[in-house]
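By written order: A, B, C, D and E. Residues from 1 in each chain.
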Amino acid sequence: MSVEKNWEPKIIAFTCNWCTYTGADLAGLNRMKYPENVHLVRVPCSSRVNPQFILRAFQKGCDGVMVCGCHPGDCHYATGNYFTRRRFMLMKRLLEYNGIDPQRFQARWISGSEAAKFRDTMTQVTAQIRELGPNSKFQEKWYQEGGPENE
Amino acid sequence: MSRTGVIICHCGTNIASMVDVEKVAEEIGKIPGVVYSVTNKYTCSEPGQQMIKDAIEEHSLDRIVIGACTPRMHETTFRKMLKGTKINPYMLEIANLREQCAWVHTDKEKATEKAISLVRMSVAKVGSNKPLFTSFIPIHKKALVIGGGIAGIQAALDIADAGHEVTLVEREPSIGGKMVMLDKTFPTLDCSACISTPKMVDVSAHPNITLKTSCEVEAVTGYVGNFEVTIRQKARYVNHDICTGCGLCETKCPSKISDEFNQGIGERKAIYKLFPQAVPAKPVIDAQNCRKLNGSAKCGVCQIVCPLQCIDFEDKDQLITETYGAIVVATGYELIDWTKLYGEYGSGRYADVISGLQFERLVNASGPTEGHILRPSDQKEPKDVVIVKCVGSRDEKKGKSYCSRACCMYGAKHAHQILEKIPGSNVYIFYMDVRTPGKGYEEFYNRTREDGATYIRGRVAKIYKEGDKLICTGEDTLIGKPVTVKADMVILETAMVPARGVEEIVSKLGISMDGDHWVQEAHPKLRPVETQTAGIFLAGTCQGPKDIPDTVAQASAAAVKVCGVFSKEQMETSPMISRVNEEKCCGCEFCVKCCPYSAIAMKEIDGREGNRKIKRMVATVNSGLCQGCGACTAACRTGAIDLLGYTNDQILKEVDALCL
Amino acid sequence: MLRYAYYPGCSMDSTGATYKKSIEFVAEKIGLDLREIKDWNCCGATAAHTKDEMMALALPARNLALAESEDLGLDIAIPCAACYSRMKYSLHAVRTDEEKKEQIQEIIEMPYEGKNDVLSFLDIFSTEEAMEACRSKMVRTLSGLKVACYYGCLLSRPHEVTGGEDTENPMDMDRIVALTGAEPVDWSFKTECCGASHQVDVPKEARPLLDRILRNAQANGAQAIVTACPLCNMNLDMRQAEINEKMEKKYNLPVYQFTELLAVAMGAGAKEIGLHKHFFPAFELMKKYAKRAGENG
Amino acid sequence: MNDTLEIKREAQLRETARRLLEDGTVGYIIGWGTTRFEDKTAPLFAAKPEEADRLVWNEYCINSLAKYSLDDKYPEKKIGICVRGCDSRAVNRLVNDKQIERENLFLIGMPCSGKENSVCEGCSHKNPVVYDILIGEPVEENTEEKASAERFREIEEFEKMSPDERYEFWAKQYDKCIRCYACRNICPACSCKECYADQYMVGWQGKQNNRAESQVYGLTRAYHVGDRCIECGECERVCPMGLPIMRQTKKMLKDINDLFGNYECGVESERAPVLGEYDLTDRDEFM
Amino acid sequence: MDDCLNEKSGKNLIKQITRETGVVLHDCYQCGKCSAGCPMAHAMDLMPREVVHYMQLGMMDEVLKSKTIWLCATCHTCVDRCPNDIDIPSLMEKSRQEAKRRGLVAVKEVDRFNDIFMENVKLFGKSQEVILEGLYNVSTGHFIQDMENVPHMLSHKLIGIKPVMIRDRGAVQKIIRKTMKDKKKK
């Protein structure tokens, strides 16, 4: 697949309302700058994120996917992110096993006060994915644009 | 087809300076189903809100998307606004164009592109929104306090003073707990009984407080506002309705038993009051040790001497069930049983090696020695006393890994009391660290050293007897040499551990404990008196070791929390909670395992299999308990359990919309 | 059935000779069947583990493997605390550490699975069966004789290895000795170290260890000390006179093995079990207290 | 296979089955029966005592039988099921997932020294882990070394490839997939009333038959059963297109073992799947 | 600036020792219960607690030079009572072996005794008390030590002059050779 001109990575981040989403708001309040490529989906808790959402995001054309929540021990719902941790440690490995580059799916703990960490993480992840180029793996667009004939 | 209205807010220039809001409105207006797409200078202002209300009427909108500041700022504002319209308040989504777009980006073109994406995601999501309705739970304005120590007493009094009914349950025959056993309290050295017994009397006299001693919680069901609690009133064998507490029975009773209130120093009778100032000031019979009740003799002397015929040997346990709106757990602590753990300190073989609580009784004017410090073995006044701190605390191998927090201070207090009461005495305190974080605490520690206490930094390795002396060996780690003290008496300042039976209470209440069995608070910093279960609060040492000031403070805090619950007639529950699709649910119970609030239970429903009617199990969510985290939804492989407001469908739509 | 594989240990042939005699006497009386392991070797005692951990595990393991190869399914009885401790270490390693097990097997060039237990003589005598057998064979009583039962460090520590009872105040020997009518005193140095080989290599520094033990025993009213190990016994017995002389003390505490007390109570003659062979005179005290059972005074 | 021993076992099985049917202990028995091919057997439902003799026991008894019990969750009488090691773990799996009640089943334990099936090579439980009656003597288990060496050998080798090579491999595989869902239907860890893939209200899974949709299905299936897989290999055996499906689930299992300690599903009936629990000390790599 | 704590050279050795013994040094909070209960503490130049502290700080030279590591009687009283389960005897053991390798034997007598003991075992398969004592006295120059007890022993046949040996001395020698060879390789 040829790289489109003016291609910009599309990154989706599932963020918990109490920590990372708040941290992102704080980054805004402090006028911190990070790339426009990151789009947040607000969920109550990182444990709300069904690993199937990740597959869907890749399928529909995201170049990078993130799941962010409170640090373990700080979950607003006490134990949610312990489940998150288990689920995505496994999912991440399964994705990599199926050929997804490790950088394309990442999970991070970012608290409500870690605006700088939020900015740095998003900047860094965007750069990594820009480096990797557009993702075609798992993407249905690949089919719509001709499928196997592309190869 | 849905009719979505979209309002893109300028937020003054906050958004408009970095995002081409007009372009956003224009682009969004092209999405099928969006019938109204405009911009507004200040959407959250009164005119802004009015504009939305008007648009709803004018364009027959059935859902709204607002591109503005973070939803954490004005989501509630706009939901309130929608309450006055024909649209359900939950038919609203907010795209975060300020904090997560305009403020953090520098390229206007790209920021505008991103803003379009964000609003498109919200438009996609709102398309799947469903009207949600808050439900109301009636609040039963009566509180249950479990445990009648100083924490329970304080909490009960505070709640009662606020005008609510309280039931205080205590398993012992009297309230008072550990505090009433103490002689003096640090650092002010006021008499413990003098400050705690008036509170006990207040409890018994308070019109809003029902005191239930010799009672235990048997079962708890329900949820905040509506806990059904069954309480077991243990047989007392004395009719407290008639008894005047004259005490005649007690003097005549022939059975003598080791006195637990005095920590085994001294004896009590089988019919007894826990201590002289007990509340209620009426005796009970200890069935295990009563000659008549345990069948070892005919006896019945108490029955014969009682002038009012209060003794009832036929008395039975009774179960009482009542409804409470909130529960305060104040089950307290006890001291670790060092005799089972520390062979090097003699495993309890030496009578003069005693615990701190035993010393409190020895030095207490109402104790077995009437306040004279006499060593238990021969009733002689000790001249050289060794105090050993951290026995069972900070000892991962034999005891507990944590610091018990109060021992440094009461160790200093014991030293002070000995030096004051026994002229010419010497006190040696073996310590590892002296921890005095509290008002006036460091000063008190200094004073104890001025009094003449010798502090030796090191743990005692062994205590043994030679003649009538107890030889204590330790290392003074500051000089790096082993030291030996010949003592007449040794006081071990032992670790606090949760009161016996806390495990049962915790499981009955459906709350959790930490690894050391202290009751788990909802959040260590921000919700220290709450539990994971709404309506159940914590007071005092059941949550972790603490001293009296902290205990009382936490008890009052718990009382305020209870009053908070009681401040409304009904409680509104968030409608954004999990819901089970019973048709799809296969009953695997996987969601139950993931729920931090025990909000999911299994229930039996009618079903069909082929042409047979059968009963099958499905999950069901308790709306009083569910807090809407959604952990269950990601655990459900079928997708039978879903989180209202953040449904699988809604989130997938958002994902899809981003990728258009 | 009181049948065990038997590892006597090197001391049994020399300084432990009196211990050996009393064991033989008591074993005969109560039908204790001890089958000596063929061609056993030194366990390495306190020296091997200062050289190398694997050596200290392999030396005892050879004996245990020999016992296992005879395939009698018998637990191994050990009269010496030091040997017992070393054997327990080997057994513990083989049972809990697969890697070490393989290494040990490779070094001793024998299979060894750690099937059988390693037991001290206190373990053996404190079983219900042995206690009952002893009780039925008592013909004398040592009533009135106050003794301090000294266990030493190696029988009880470290707890994970020995799995023994209380490491500070064990009671097995006290219970066994009480069978003879003698009265074990409550004292506090039951498991304190006697210095072991340090009594040979750094005697001046090690003497206070013996002094403390003797002192506490005497202070708590003991007239004699009872041990369950040839090494502890030798240290307390052979060096008591030396302590009295060099540290200016006046200890008068004959030192017996617990099996000697049992033997006397079962009717053994003093010569028969070698009571006169003790360094510190032990015969007179025993003579004073040993009475025919049922005899008054 | 030791023929005489297994022939004897077959006779014992028939005898036991007849007795169980005669005395009414069970309503019917699910076992294996002959087909018109000599080297194939098919599941057999024997409801009458005289049908007991149609049960066979040989190296072609490959089909997993446990899941048939789901078709009759509320039986009037107990269902007799022949269980090998893997089948017994399947039963535990279904019981743990509350899909069947153990009391409704009568398990006829069949010690199994391996079938004409490659998955049997590194089998760690040849003897049933749970049963009501055991037919004949237990067989010797594989050594732990052998079982564990075999278990993830393929996965480890596969992991050595580059991401692109791995993607290429799987993409080719999923191009073959016809989404017949046979792998799901046979799997004892798949027990939903309505599989996510069959739902149309929430668009979890597109219905088109193309690479991307098949990949989503493949990974979702692996994730769904990963912490419940009993390693029977039925998914792979029934796949008409020959996809190496076990390699996905085994990858999940391997990671679970690496991350959360030794884990074998269905061996203990009480143990919850690892994703239904957590440990405060779990590794944290999302810092 | 040799005294800088952060430049102490013992860190690698300490890492190796803690790995081999499984001791978690930072668990120790220096309460001194070990030293207080140690029967040999009175003769030690470093308290057992101090040995742990030196190791926490990376100051291994001080430990290796100390008498303490040689005086430890391995009675395990310290670890039995330790609130943090620090296996001090094992630390002493490993330090002793390392000290010997570096020729830093602070208490020669202890080392001599152990050497002679093992020589003895190597030779006969069993230990021979009289030979052991004799050789030890000769090698250390303490000729008369314990000699007052010898006549008693001889007269009561508590000791014999003829050594008692095991048959398969080769087996024992092999064990010692194999394990010591291992030692040198490291």
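Quick note on the criterion: contacts are C-beta pairs under 8 Å (C-beta built on N, C-alpha and C of every residue); 3 or more make two chains touch, one makes a residue touch a chain.
These numbers were taken from a predicted model, which means no experiment stands behind them.
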Quiz prompt | Chain hops separating chain D from chain C, counting only touching neighbours | solution = 2
Self-check item: Where chain B and chain E overlap in contact partners, by chain label
Solution: C
Quiz item: What's the chain with its C-alpha centre farthest out from chain A?
Solution: C
Quiz item: Does C-E or B-C have more contacting C-beta pairs?
Solution: C-E
Quiz item: Which whole number of Å gives the spacing of the CA centres of chain A and chain E?
Solution: 58
Quiz prompt | Between chain A and chain C, centroid-to-centroid distance (C-alpha), Å | solution = 69
Quiz item: Which integer distance in Å separates the CA centroid of chain B from that of chain D?
Solution: 46
Quiz item: How big is the gap, in whole Å, between where the Cα atoms of chain A centre and where those of chain D centre?
Solution: 35
Quiz item: On chain A, where are the residues touching two or more other chains?
Solution: 51, 56, 79, 83, 87
Quiz item: What parts of chain C, by residue number, touch at least two of the other chains?
Solution: 167
Quiz item: For chain B, what residues touch not just one other chain but two or more?
Solution: 344, 462, 594, 635, 648, 652
Practice problem: Just spell out which pairs of chains touch, all of them. | Solution: A-B, A-D, B-C, B-D, B-E, C-E
Quiz prompt | Complex interface listing, chain A residues touching chain B | solution = 8, 10, 12, 17, 21-22, 24-25, 27-29, 31-37, 39-45, 47-51, 53, 56-57, 60-62, 76-80, 83, 87, 119
Exercise. In the complex, go through chain E and note every residue touching chain C.
Key: 39-40, 42-43, 71, 73-77, 79-80, 93, 96-97, 107, 109-110, 112-114, 117-118, 121, 125-130, 133, 136, 140, 145-146, 149, 152-153, 156-160, 164, 166-168, 171-172, 174-176, 178-180, 182-183
Exercise. Quick one: which bits of chain D touch chain A in the complex? Just the residue numbers, please.
Key: 158-159, 163-171, 175, 196, 204, 206, 210-213, 215-216, 219-220, 222-223, 226-227, 248, 251-252, 255-256, 259-260, 274-275, 278-280, 282-287
Quiz prompt | Touch list for chain B against partner chain E, complex | solution = 344, 390, 394-399, 432, 457-462, 473-477, 480-483
Exercise. Show which residues of chain B lie in contact with chain D when the two form their complex.
Key: 583-590, 593-594, 609, 612, 614, 617, 635, 637-640, 647-649, 652
